[in-house]
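Heads up, there are several structures right after this.
In the two complexes that follow, chain A is the common piece, with chain B as its partner first and chain C second.
Let's turn to the complex of A and B:
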């Protein structure tokens, strides 16, 4: 009787071991940020930031202050209102499409609302610009792109704001004129 | 034991030693053994203007020239120096933003006497600018190609116009890093070389 049970018991334990190994969370899961989600037009509040994404568009050329931004790809233009929730904090913007990270541009100095600091009680409205591949609308995952606003570049185990954006139906404008960040909500 | 039994026991060693000795004697008048160039060690040439796709970036060397005027129009030379400008079209092939030039452990390209593996470049004598608008060209977003001017302040007598230089385009193997989050680039090496003549642009 014992011998008859030995093989199935051994196989069962092996399967159990595979299951444990397969289901053990890896570093990305263990260190994932704490996400607060919302939609366009919603005021989203995380531990560090209060943000409202007012509008989203795609453009080939952007004009911001004295700078004209051309690209071999296409610009994602996000109009957003951002403030710190409790104390001064940084604002970093990234877009994720199928696991690929596209950062907010550093080509405009401080003329966007990301890449700078935000203060509590002082909302600032302006643009976030992200360079994307020219064929982004046909890329896998373009219908569920995730815009993340975080206090720093390293978002592991930190509180972040995320919005899911569908890039596929957006018209690509030829040229968009933008204003520099201004105090107050939109 | 008799001599015969000794020889019988040591026969394999004697035979092997004899072969080696004979080979050495034959090789000496023929120039020795180190006369074959390993084909695996030969770095292939790559044409100017053609992109080479590694694992991290695709790079095309488009131009190289000497100039006494920094492309930004205001940075001045130190005494005894000049600017060497390398123009390259690059595309980030990874899923994360990448530094266009890379780091000392894995530069995107090598340039003898200027960009050498494992040698740190000074931030005060090295610049990366986008050709399209002169903006910062130090970061490449995934899948967005761009043409970048890499500007190096070098000794004025290091290179001269008309001289051919071989720019090495590098590659490495991406691996999951253990000590930090992200990718570790293992075994960086020069994959191809681009022979190009330095222009003068004053």
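Let's turn to the complex of A and C:
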């Protein structure tokens, strides 16, 4: 009886070993950031940042200070209020559409709320600009794009803020005039 | 079931001992060294002199200036910290850092020093950067921007790379 059980038990254990091997999390899962989620208008608090996304829009051309931002694609214009929670920290913005990362533009120097440092208790309100393909609204994943705000480019095992944005119903404005970041909330 | 437990009691007891032991042993190479390098704050009173990183350090004054009165940025007050520092035995390399710390929000927050943050001007007789790498005494004054009305009892944290994990908390 015991001998008869040995073979199926051995095979079962072998299958279990394969299952364990294939279900073991890889680096992307082990090193995934700790995500705090929220929606437009919510004040979202992560370990490092406190952020409120006030508004989201698409535009063909943006004007910021004396800079005119043209693109062969389209701009995602995010109006946001961001401050550090504990200590001075960087603010990085990235949009993920179906796993593809689109970073906040660095073409505007420090005239956006990302790409600069934030201090604890000092909210700054302004724009985040992300250049996207012209056909972004018809791309797979455009209805569930993820905007991530993090303290640095490398977000592995770090605390980040994420908002899911539906880009498909947004109107594309021709030209949008933006203000440089200002102190305080909206 | 009770017969099974009785038959295997020594194995179960061994598991009960070995599993926690294995967890502690696995923590030894990482957790305990991690804890040892965490900053170890040492409280120092205003006016008290303490030997730190080869220097005698004294916080001689610490005040919060109303940001509106000194023309600070909107929503900010200015903290002015003044030190008397006498570097006696400087280490080869000592990176000195000074922060304001406040737990008045319910958790600790930190602010770095800022130059030209308001109409307040540091008098010429003061140094404005902390240095612990050359023998000599000097007076140091640093200014910090903090959120208006949110930091009433600031604490100055002074650290030297040569003396870590020990850090001074002066107030």
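Basically, the second predicted complex is superposed on the first by the 180 of 186 C-alpha atoms of A that agree within 3 Å, B and C clash if a C-alpha of one lies under 4 Å from a C-alpha of the other, contacts with A are read in each partner's own complex, and residues count from 1 in each chain.
Rule of thumb we're sticking to: a residue touches a chain if its C-beta (ideal position, glycine included) is under 8 Å from a C-beta of that chain, and two chains touch if they have at least 3 such contacts.
On a predicted model such as this, the values are computed, not experimentally measured, just so you know.
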{"item": "Which partner reaches more residues of chain A (counting touched residues only), chain B or chain C", "value": "B"}
{"item": "Touching partner for A:132 - first (chain B), second (chain C), both, neither", "value": "first"}
{"item": "Touching partner for A:55 - first (chain B), second (chain C), both, neither", "value": "neither"}
{"item": "Partner chain(s) touched by A:184 [first = chain B, second = chain C, both, neither]", "value": "second"}
{"item": "Which superposed partner A:87 touches (first chain B, second chain C, both, neither)", "value": "second"}
{"item": "Which of chain B and chain C A:72 touches, first, second, both or neither", "value": "first"}
{"item": "Chain B versus chain C as contact partner of A:107, first or second or both or neither", "value": "first"}
{"item": "Touched partner set for A:63, first chain B, second chain C, both or neither", "value": "neither"}
{"item": "Partner chain(s) touched by A:156 [first = chain B, second = chain C, both, neither]", "value": "first"}
{"item": "Chain B residues within the chain A interface of the complex", "value": "95-97, 130, 132-133, 135-136, 139, 141-146, 181"}
{"item": "Residues of chain C defined as touching chain A within the complex", "value": "73-76, 99, 105, 107-112, 145-147, 150"}
{"item": "Residue ranges of chain A in contact with chain C within the complex", "value": "85-88, 119-122, 183-184"}
{"item": "Chain B partner contacts - residues on chain A that touch it in the complex", "value": "27, 31, 67-73, 99-103, 106-107, 130-133, 156"}
